[in-house]
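Residue numbering begins at 1 within each chain, and the chains themselves are lettered A, B and C in the order written.
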Amino acid sequence: MRSNEQQQRQRPIVVPGEYVGDSRFHIPGLNVYRLSDRMLATTVGLVRTDGKRVDVVALKSFYQPKAGDLVVGIVREPGTAGWTVDINSPFLAFLPLSEYPEKRIRLTRDSMGRVLEAGTVLTGLVKDASIFSSPVLTLKGKGLGVVSNGFLLSITASKVPRLIGKKGSMLSTIEKGANVKLTVGQNGRLIVHSEDLNVVMKVREVIGMIEKESHVYGLTERVEALLTGRRL
Amino acid sequence: MGEHVVLFNEDGSRTDGRGLDELRPIRIKVGVLSNAQGSAYIEQGKNKILAAVYGPKEALPKHISLPDRCILRCRYHMAPFSTTERKSPAPSRREIELSMVLRNALEPLVMTSLFPRTVIDIFIEVLQADGGTRCAGLTAAVLALADAGIPLRGLAAACAVGKADGKVIVDLNDLEDKYGEADMPIAYNPTLDGITLLQMDGIMSKEEVEQALSLAITATQKMHKMQVDALRERFSVQRRET
Amino acid sequence: MSITEQKPIISKLEQQELRRLLAENKRIDGRSPLQYRNINVHLGYVEKAEGSALVELGNTKVLAAVKVGIAVPFADTPNEGILIVNAELVPLASPVFEPGPPSEESISLSRYVDRSIRESKSIDLSSLCIVPGRSVYSLYVDLYILDYDGNLIDASVIASVNALGITNMPKYVVEGQAVKKTDEYFKLELKDHPVSITYAFLDDKYVVDPCLNEEYASDFTVSMTVKSDDRFCAIQKNGGGMIPPRKVIELLDRSVELGKELRTVAYGQLTAGNG
């Protein structure tokens, strides 16, 4: 049983209200707030220091859109001059007509529903995001648009950086190991560009592993092993 | 009331064998429901209570939303089979009051200004009741909020202290709640040294209230440690069955 | 479900003014932080009730009326009379009171006043039994809020205790299998005269008997009901926010002090034997 060994190599988990540093020497970062001299965590997560800044990487969080994020969305319904899109965040996003790439279509309220039906999956870029209004999406750009084939999978949004890895290392490990292309949205949704069910199953397993073990050392090796069928 | 109910044994211990400042056995599990964003289950003595959190999500209808912060919707409810006499499923006046009291106790912990115009739904369901349900419910609800990844200023745990036969006691069970001399539920956040839920009914002198308060702080601090452990356990690696 | 309310907006300027005044221990109506507004009690205000009192606490007006009847006792207390307190936030009292089923505010108010009376043992319910297990007296205390300018809790407790204090109970006697009303009356005996003290917190300072704007601007309130022997029979924190334990202890001391004076003013007519 490797469990004891595993436990020793796990990074310590902090909980809301837990002390993570002294604000006289550090700057509060992600999921950290200041209470006079103390810096405290706001979510359950792992402490990460980046120079003077202390972050808590949440082990579970919901996606909060930032301008420039690539997201995988699901069309909800046509609204006035655009469509509302579910991007797996507390707010529904809005895709304005002006950000839909095909200009020559003259759209009425009825035809809008036919151009982008409810349930359509698309990859878009977050154009505008403030907490005071709905995030705005655009489909204008390379590689953006409707996704008609492939599989849609989900992972907790805060695990996306782990899924991508440093300079994309984890993502290329997976793509090479499973021989498939993935489009990963910052909002925790990803597209597996394949028609092969076995490939999807493999990718699902990998996602599951990353979901559960993102804070354990040696994850990349274990993902590799899973994909190549080797036992570590 | 009619006959005098005996609340202490001959050796001075309470009806369930506990000492004056002893908590009932507590079991906590975080992340027990698959649909809710966050959930937690608590057993405290014979209490069995489930808490679930949905959100933050868009607050609809729009008129209930607030422009600069998220709102909370809280429902404390007892299942019809949770008590000896069947309880009607319709919300009683007590449940309406407690839903409000619990919402007020949870709200100060949530960093609501981070999610304007959204709502967080909190459901507390008492499956089996044995005194101190609002406290156990709050303890579980806080964990459900943390489980959902909602930013909190800290955790809070709650415990009902009180008085029976002139003695100040901790964590009242159902008998002590019904037949004792005073019942004082308290929720406390150790990070900010703040009480978010405070009620008392019965008869207590100022000194007794002070003493009970101090015991409540100690008890909730013990429960806070259990909450931390439960959260850590929830997010640790599942042992592989090899 | 309990939903975060749309609190009536009090302007930023008013909020600032309240806090600045409080920093110098002053209040908007010239009172000191631990001072109550003027209290007027009109005993016996409505004749058709067996007991009643209209209380004016500053501009807040609460009318408490007691209706006496007989009823089947509750199963778990077969030898005790029934006490039911019900508060009505009458729409004419405030633009924020709406007609409809009881809101959580009115239920919470009713229940706190009930606890203040019941837990203080001001009424000996076991003395209101006519036929054990079959017939007992019922006391309905209806609180009618007529004008809302803050601090409904304290005004309601004072109104209720005054109304009960002058309640004339119609005497019922057993005649064979039935219980019959006679022409005789007897006074409802009050064993205690509890008062509640409500504190409104703005940041870490507090004021007693908040007026409407102080209530709106406050983070939360704490009410404490004190009996004549200086013991507490009900405590409730209302609203969000947090209070440090040492502040709670400070309030306990304050309540004992303030309780003595408030009791004299609130129940002066009662104890002088009026009504």
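Throughout what follows, a contact is a pair of C-beta atoms (placed from the backbone, for glycine too) under 8 Å apart; a residue touches a chain by one contact, two chains touch by 3 or more.
This is a predicted model, so every value here is computed, not measured.
Asker: Tell me, which chains sit next to both chain A and chain B?
Answerer: Touches both chain A and chain B: nothing.
Asker: What is the chain whose Cα centre is as far as it gets from that of chain B?
Answerer: A
Asker: Which chain is the middle one, judged by CA centres?
Answerer: B
Asker: Let me have the rounded angstrom distance from the C-alpha centre of chain A over to the C-alpha centre of chain B, please.
Answerer: Distance between chain centres, rounded to whole Å: 34 Å.
Asker: In angstrom, rounded to a whole number, how far apart do the mean CA points of chain B and chain C lie?
Answerer: Here the centre of chain C sits 27 Å away from the centre of chain B.
Asker: Could you please state the distance in Å, as a whole number, between where the Cα atoms of chain A are centred and where those of chain C are centred?
Answerer: Taking the mean C-alpha position of each chain, the two centres sit 54 Å apart.
Asker: Residues of chain B that touch two or more other chains: which are they?
Answerer: 189, 192, in rising order.
Asker: Spell out the residues on chain B that touch chain C in their complex, using ranges where they run on.
Answerer: Result: residues 1-2, 63-64, 66, 71-75, 93-94, 96-97, 99-104, 107-108, 121, 184, 188-189, 192-206, 209-210, 213-214, 217 of chain B touch chain C.
Asker: Considering only the defined contacts, which chain C positions touch chain B in the complex?
Answerer: 1-4, 6, 77-80, 102, 104, 107-108, 110-111, 115, 119-121, 220, 222, 227, 230-245, 248-249, 252-253, 256
Asker: Considering the complex alone, what residue numbers of chain B touch chain A?
Answerer: Contacts found on chain B: 37-38, 55-58, 67, 111, 114-118, 146-155, 189-192, 227-228, 231-232, 234-240, 242.
Asker: In the complex of these two chains, what residues of chain A are touching chain B?
Answerer: 1-3, 6-7, 10, 13, 15-18, 31, 33, 35, 40, 42-44, 58-62, 90-92, 131-132, 158, 212-213, 215-216
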